[in-house]
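Next come the structures, one after another.
Both complexes below contain chain A, partnered by chain B and then by chain C.
On to the complex of A and B.
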């Protein structure tokens, strides 16, 4: 699975929405179920899946598919460099 | 067995909102954010046959919610109430202000916390009688005085131990109050991995996903104990489960078990079983072996094994089917099949058990005996001993009488099971590559062995090269993997007559009709070579009673005592249709 697919599958499972609803523009504004508690489940599952942890100030920003993808790609790159 | 948080999210979605099962309601009061634990607890409970409803009450408001006469809590009745308390909220001085506390103040504050816990228990039971789970406290970081803590007159660590012990003591003063040992969970997986401080500062959730999964599983475990979802009897396999190796092949002196060296893994596993036995869990045995071998092993190796034969209330040793044995054990002990656990290293035996007796709990065994003891501890099904006095009495009677029930003949049809195994049989003719293995099998195979002759590699080579002789060997694959070369059949052909000189098979694959398929294919092969009669002899030894009646079973007729013959001029022996494929190699020229 690509990074994109992995993110989308985790979003679907933690936000409890159908996988097909997770489009590229999916965000806290387009998915009604995405409240602060679902957000915690999502962040935990993402951290686990990608073996990384987000900072306390990053966590509130991860509120769209695009933002999540960007944050994870960035972390993957910087980890790769280290 | 090892599930991630993501797995639980996925499973929770698959289960949906309304699973079937015994309704069970859980109310959660907590001093930290804990909601993400819900899918873990739910999945664990559903997998044990519950239909749970889990409700989280307000963040860090215990008394208000529990005591409010008009509040939500009082309106419902819950089966279980979890009071999840953290040090940060319940006893912050112990973390943040330890240097300012005198021992006297510490003790006073400890008693206050304990008192509060007891008040909460009483408040939760104001209108109904739920079972209650309290938690121990963990100190999330390093000690205030660092490495010097341990040497201080009153250390922070000691203060924490004292606090937890006081709460546990309070819990034991009340009925149906259980402890969720959060500190123990943290130490098992390690504080660094247990906590996630970014999550904590963002949302007051102190635990990592891994920590949450472990806490959730532990909550379920405590609830299983509270609800008596525990087992009474473990039925154990012997070879490669209680010791390493096959006693019928290696001999009692060579099986791997002992307090030192490589046998320690099995030794410690037996020790765990012994502990369970002393807690009232009944041990029973279901083994495919000769009873004499097993007796000899327990006698000769008694210093190497914590378990004695007498520790097993019932033993079923023989060549019958284990599902049959386990049903007999259940009957004799008069316990339900659903209170039994079956432990066997063989995936085929486990599959058969699950297929035939699904009520019996048949967990996967870990790869490698080194994990066995730890695996047994992790099994939550023995968490609470609910064995009644009467049951224990019955167990003792069995032990006193040394009752050893005999094995009944298998009865029901197994064809469906064999079919599900996807067995693929390959029969080799004079395959020189296998000579070392074949010679080794003649040395080691004592049970399924009609003539028990020991051949060297040279003996086998000579027979393969002599056109009067034919050496057949076979390997079996099934859906669990490749069993390798498991059997050997050697015939000598003279005047259209083939006499069986050697017929043996590894006892790992006994009971799967492989010998039937082999004799059928070999008969065809010999028939095409002009052979009209196959003869065979059973030479009894101390170990090979299992094949005493093999020839009549395969369709041979008795000629004299232990001498049999099969006419293959016309019809050939039955070829079992449940093999997925049967190959003969090299392909014979017709």
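On to the complex of A and C.
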């Protein structure tokens, strides 16, 4: 499964929404159910799936699929996981 | 103090009512003592009783400094509080704060709806021009909520707040009236 698919799958599970709702433009502004508790659940699931940690300053910025993909790709590159 | 029905607001799941000293219950006091609730509140540095909390509530005149109880609209259960304060009569800015004391309501959207109701009141009735609020930097859930409501980052006070034995940054977020009116249309409240 591609990184994109893994992220979208985790987003759907953590936010408890249908996978089809996780489009490329998915964000806290397009998914009403995406609240602070689900956000923390999502971050923990992403950290576990990708074996990386997000700092306090990074976590609130992961507010869209694009932002999450960018952050994960960046960390993968810096850790030579790409 | 007379109860003013024009300060009662209703959303889909919550009702906001101005809170008065006689409305303070032991349950409300217990929220302030609960480490799960007060982790990022100044309340954790103080002792709380019915008397101290009634005195705190008395400090809100509901004219220049507002305190509402957040109630479950269906069950009428008191689940939290929200404030609007530091309202400047000339500059037209204000600050806000909130707490959902009943943990069963965490993650239900109750806080966001209550904030939206207060923002509507502040921006549309009081004609406030900007609202801001601060959070402990490690309080990522609050910062997330600010972003969800459309607030943007304003700045950081470095190492300003004591948290778990260390001094951590305080981050400030804010929103203008125009930004809120734009954001409001996209919220399902």
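The rule is simple: the second predicted complex is superposed on the first by the 80 of 82 C-alpha atoms of A that agree within 3 Å, B and C clash if a C-alpha of one lies under 4 Å from a C-alpha of the other, contacts with A are read in each partner's own complex, and residues count from 1 in each chain.
The definition used in the following text is that a residue touches a chain if its C-beta (ideal position, glycine included) is under 8 Å from a C-beta of that chain, and two chains touch if they have at least 3 such contacts.
A quick note: this is a predicted structure, and the numbers were derived from the prediction, not measured.
Undergrad: Looking at the overlay, what does A:32 touch: chain B (first), chain C (second), both, or neither?
TA: second
Undergrad: Please indicate which partner A:4 is in contact with in the superposed arrangement: first for chain B, second for chain C, both, or neither.
TA: The answer is neither, since A:4 touches no partner chain.
Undergrad: After the superposition on A, what does A:56 contact: first (chain B), second (chain C), both or neither?
TA: both
Undergrad: Which holds for A:40: it touches chain B only (first), chain C only (second), both, or neither?
TA: both
Undergrad: Regarding the shared-chain residue A:13, is it in contact with chain B (first), chain C (second), both, or neither?
TA: first
Undergrad: Under the stated touch criterion, name the partner, chain B or chain C, that contacts more residues in chain A.
TA: B
Undergrad: Shared contact residues on chain A, chain B side and chain C side combined as an intersection?
TA: 36-37, 40, 43, 56, 59-60
Undergrad: Under the touch definition given earlier, write down the residues of chain A that touch chain C in their complex.
TA: 28-29, 32, 34-40, 43, 56-57, 59-60, 63
Undergrad: Applying the document's contact rule, which stretches of chain C touch chain A when the two form their complex?
TA: Within the complex, chain C touches chain A at residues 106-109, 111-112, 137-138, 140-148, 186-188.
Undergrad: Which positions of chain A touch chain B when the two form their complex?
TA: Against chain B, chain A makes touches at 10, 13-14, 16, 36-37, 40-41, 43-45, 47-49, 53-56, 58-60.
Undergrad: Considering the complex alone, what residue numbers of chain B touch chain A?
TA: 4-6, 9-10, 13, 33, 35-36, 39, 196-199, 201-203, 205, 208-210, 212
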